[in-house]
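There are two complexes below, and they share chain A, which is joined by chain B in the first and by chain C in the second.
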Partner chain A sequence: MRPMRVTVNGETREIDAGSSVAEVVALLTSAPSGVAVALNGEVVSRGAWERTPLASGDRVDVLTAVQGG
Partner chain B sequence: MTAQTTSSPAPPHGAGEPDDALVIAGERFGSRLVMGTGGAPSLQVLEDALLASETEMTTVAMRRIDPAQTGSVLDVLRRHGIRVLPNTAGCFTAADAVLTARLAREALETNWVKLEVIADEHTLLPDPVELLEAAERLVDDGFVVLPYTNDDPVLAHRLEQVGCAAVMPLGAPIGSGLGIRNPHNIELIVERAGVPVVLDAGIGTASEAAQAMELGCSAVLLATAVTRAQRPAVMAQAMRDAVRAGRLARRAGRIPVRRYAQPSSPPV
Partner chain C sequence: MSLPPLVEPAAELTVDEVRRYSRHLIIPDVGMDGQKRLKNAKVLVVGAGGLGSPALLYLAAAGVGTLGIIDFDVVDESNLQRQIIHGQSDIDRPKAESARDSIRETNPNVEVVLHTERLDSGNAFEIFEPYDLIVDGTDNFATRYLVNDAAVLLGKPYVWGSIYRFDGQASVFWAEHGPCYRCLYPEPPPPGMVPSCAEGGVLGVLCASIGSIQVNEAIKLLAGFGEPLVGRLMIYDALEMSYRSVKVRKDPECPLCGKNPTITELIDYEAFCGTVSDEAQAAALGSTITPLELKEKIDRGDDFVLVDVREPNEYEIVRIPGSVLIPKGEFLNGEALSKLPQDRQVVLHCKSGGRSAEALAVLKGAGFADAVHVGGGVLGWIKQVDPSLPAY
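Moving on to the complex of A and B:
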């Protein structure tokens, strides 16, 4: 597969074209819960990660709860 | 400094009794101390402090995941059955705060949010315009919104009007430990509010937490005063007792302040 460039948590990464949100999340964490994803500033629900493909130039943010407030 | 409201009759029940629960959006809490988790030197210190505080609800922030991070604040909260209250700390605009709240709802499976929209890094004071807009949008989206707000009675009222489940005015800037700088405004907010008022931010030590409750606040939210104390778990215990004492004093109905002495013994 040809690689494509996406931005994951602010860093540019090369991933296989056609990769899903779920595949990108798996690069960062294996936590079964407590994680949320925004794709280009919109929430993608966990149930939709597998079937949401990424396109070149997409911005993915993967967040979790940390100490604060 | 103590509350001077004397007009309302003392309710019959004291703090800690079943009918003195804090109720927010229909949910009951036995503890009126909401804790934050920022500033603790380690998860173990945080855990000990949370347990000592006997809090039932605690805030967390949402941040980009760090693959190197081991241990999670969520595990600590889950282990002790403490309700997690995500915040939108670090957001400067309504749009940012709305997205962060939605991410928190997705990650943590709660529609409760401590809404924080700050104006700048220097003061960390709420931006009232962005705050009100974010509150309105989140209420429309089905969130239970608990906004961190200025000690401004007008803004607090506006936040209640758009459907916030509580209002959380600051005593002083976040992490400052300056206490309650404008107790009069806090009293005005309490007098007018139809939702719980939670004193959020500025508390430095136990007497200030008690003062918040004496002024009529329904609860106190604090973090730094405990997590950065020299002995966090001991300060957590002090805060727990201070909130209870202040609540009891409020419910007891304090004596009026007098200009001159009044003998407490019968005349000779």
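Moving on to the complex of A and C:
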């Protein structure tokens, strides 16, 4: 697989071309529940992670739910 | 996307009210009409804690006519670093009553309704029903999903906010016009994965940063001006000092507000969120000792190693004499196992017993059959054995 560059939580990372949102999340955490992902400023709903591929230059934000109040 | 006002205007403002709200009235977007709508508004704030404190004070000052407060807790000294609606003389008083007294001083025109019971699936509909809008300032995932589900099922908008250390998030969830909390986070993190503020701490002023966003949005929705935070998630980073927002769409597959909902009534939220994982509960069963039993073991000179699984900064605040520190994370990644003796009993403890149960599950799985943990943790030790130590 050719690598491509994306920005994940502000840091540039090289990942396999054609990687999905789900695959990038798996790089960061083993427990995807309680996690939301924004791709280029828009949240990708949990059910669409596997079928949403990334493109070179994409900006991915992986957010964690916090409970405090 | 602007939305129509949630509330019809009150008939009139009194002379006193015109004087009090003059700085609102001269803003064209608010004006007499907007202020009369606030006067007629009924807002429920869930939790009179970190977020609820600034939210209640600013909603009261703004002239929201009826404020409901739901909180079953009492004021603790450790609340005062951030929960500015309560003061020194309120320690041990019910938070709802303390908050009511502060609101009366801030704005006596506000009618305050107290709900001092614990919000649960059995009473949420009845409590929410009379209100136009709900502000969520709770401190745990179970209640957050309960607030979301009850608001969606009743068709009410709510302003959500959550905080941890230096990070805050806020949004408006209103299923009629946009996504709900489950569209963003369909399920909570695994139990023990994301610490609460009691476990991980919170910068006091962060409550004001996020609580004021919540009030800002509440006022806009009630009076019907501006761009509401519907379909957007605000993300605040106090260390970087940055605010950014991401778009959130309604998830057509959302189990609550999607096309084919599977959640059509309130569920058991403790079970859904699981405060302690099943593994930890199983490990702790029959392998939990009390702080007094730990004291007896120490006094008898039993041969065991006492391991504190909290974080280093917590260990610095207060510790049980003779304990060694190995944070819970080292149990989860396996590093702790090589640091522990195979031939002596291991006794684990944390702040109150949750994290040590998680670590105990790892130890049991690795063959430490006689390992136990201390129910109630160091807080229990302070209460039962050595009250001279500081609780935190």
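Everything that follows uses one rule, which is that the second predicted complex is superposed on the first by the 64 of 69 C-alpha atoms of A that agree within 3 Å, B and C clash if a C-alpha of one lies under 4 Å from a C-alpha of the other, contacts with A are read in each partner's own complex, and residues count from 1 in each chain.
One rule holds in what follows: contacts are C-beta pairs under 8 Å (C-beta built on N, C-alpha and C of every residue); 3 or more make two chains touch, one makes a residue touch a chain.
Fair warning: this is a prediction, and the values are worked out from it, not measured in the lab.
Novice: Applying the document's definition of touch, where does A:N9 land relative to chain B and chain C: first, second, both, or neither?
Specialist: first
Novice: Applying the document's definition of touching, compare chain B and chain C: which contacts more of chain A?
Specialist: Of chain B and chain C, B contacts more residues of chain A.
Novice: Mind working out whether A:L28 is in touch with chain B, chain C, both or neither, as first, second, both or neither?
Specialist: first
Novice: Looking at A:D61, would you say it contacts chain B, chain C, both, or neither? Reply first, second, both or neither.
Specialist: both
Novice: Tell me the contact category for A:A17 with respect to chain B and chain C: first, second, both or neither.
Specialist: Touch status of A:A17: no partner.
Novice: Now for A:G47: first (chain B), second (chain C), both, or neither, which partner does it touch?
Specialist: So A:G47 only meets chain C here.
Novice: Please identify the positions on chain A that touch both chain B and chain C, taking each partner from its own complex.
Specialist: Common to the two interfaces on chain A: residues 31, 33-36, 38, 41-43, 45-46, 61, 63-69.
Novice: Chain A touches which residues of chain B in the complex?
Specialist: Touching chain A from chain B are residues 36-40, 43, 46, 59-65, 67, 69, 72-74, 84, 86-87, 89-90, 99, 102-104, 106-109, 114, 116, 223.
Novice: Write out the stretch or stretches of chain A touching chain C in their complex.
Specialist: 31, 33-36, 38, 41-43, 45-47, 61, 63-69
Novice: Which residues of chain C touch chain A in the complex?
Specialist: 47, 49-52, 136-141, 144, 161-164, 167, 169, 183-190, 193-194, 196-197, 200, 202, 233, 235, 246-249, 251-254
Novice: Going by the contact rule set out above, which residues of chain A touch chain B in the complex?
Specialist: Per the stated touch rule, the residues are 9-10, 28-29, 31, 33-38, 41-43, 45-46, 61-69.
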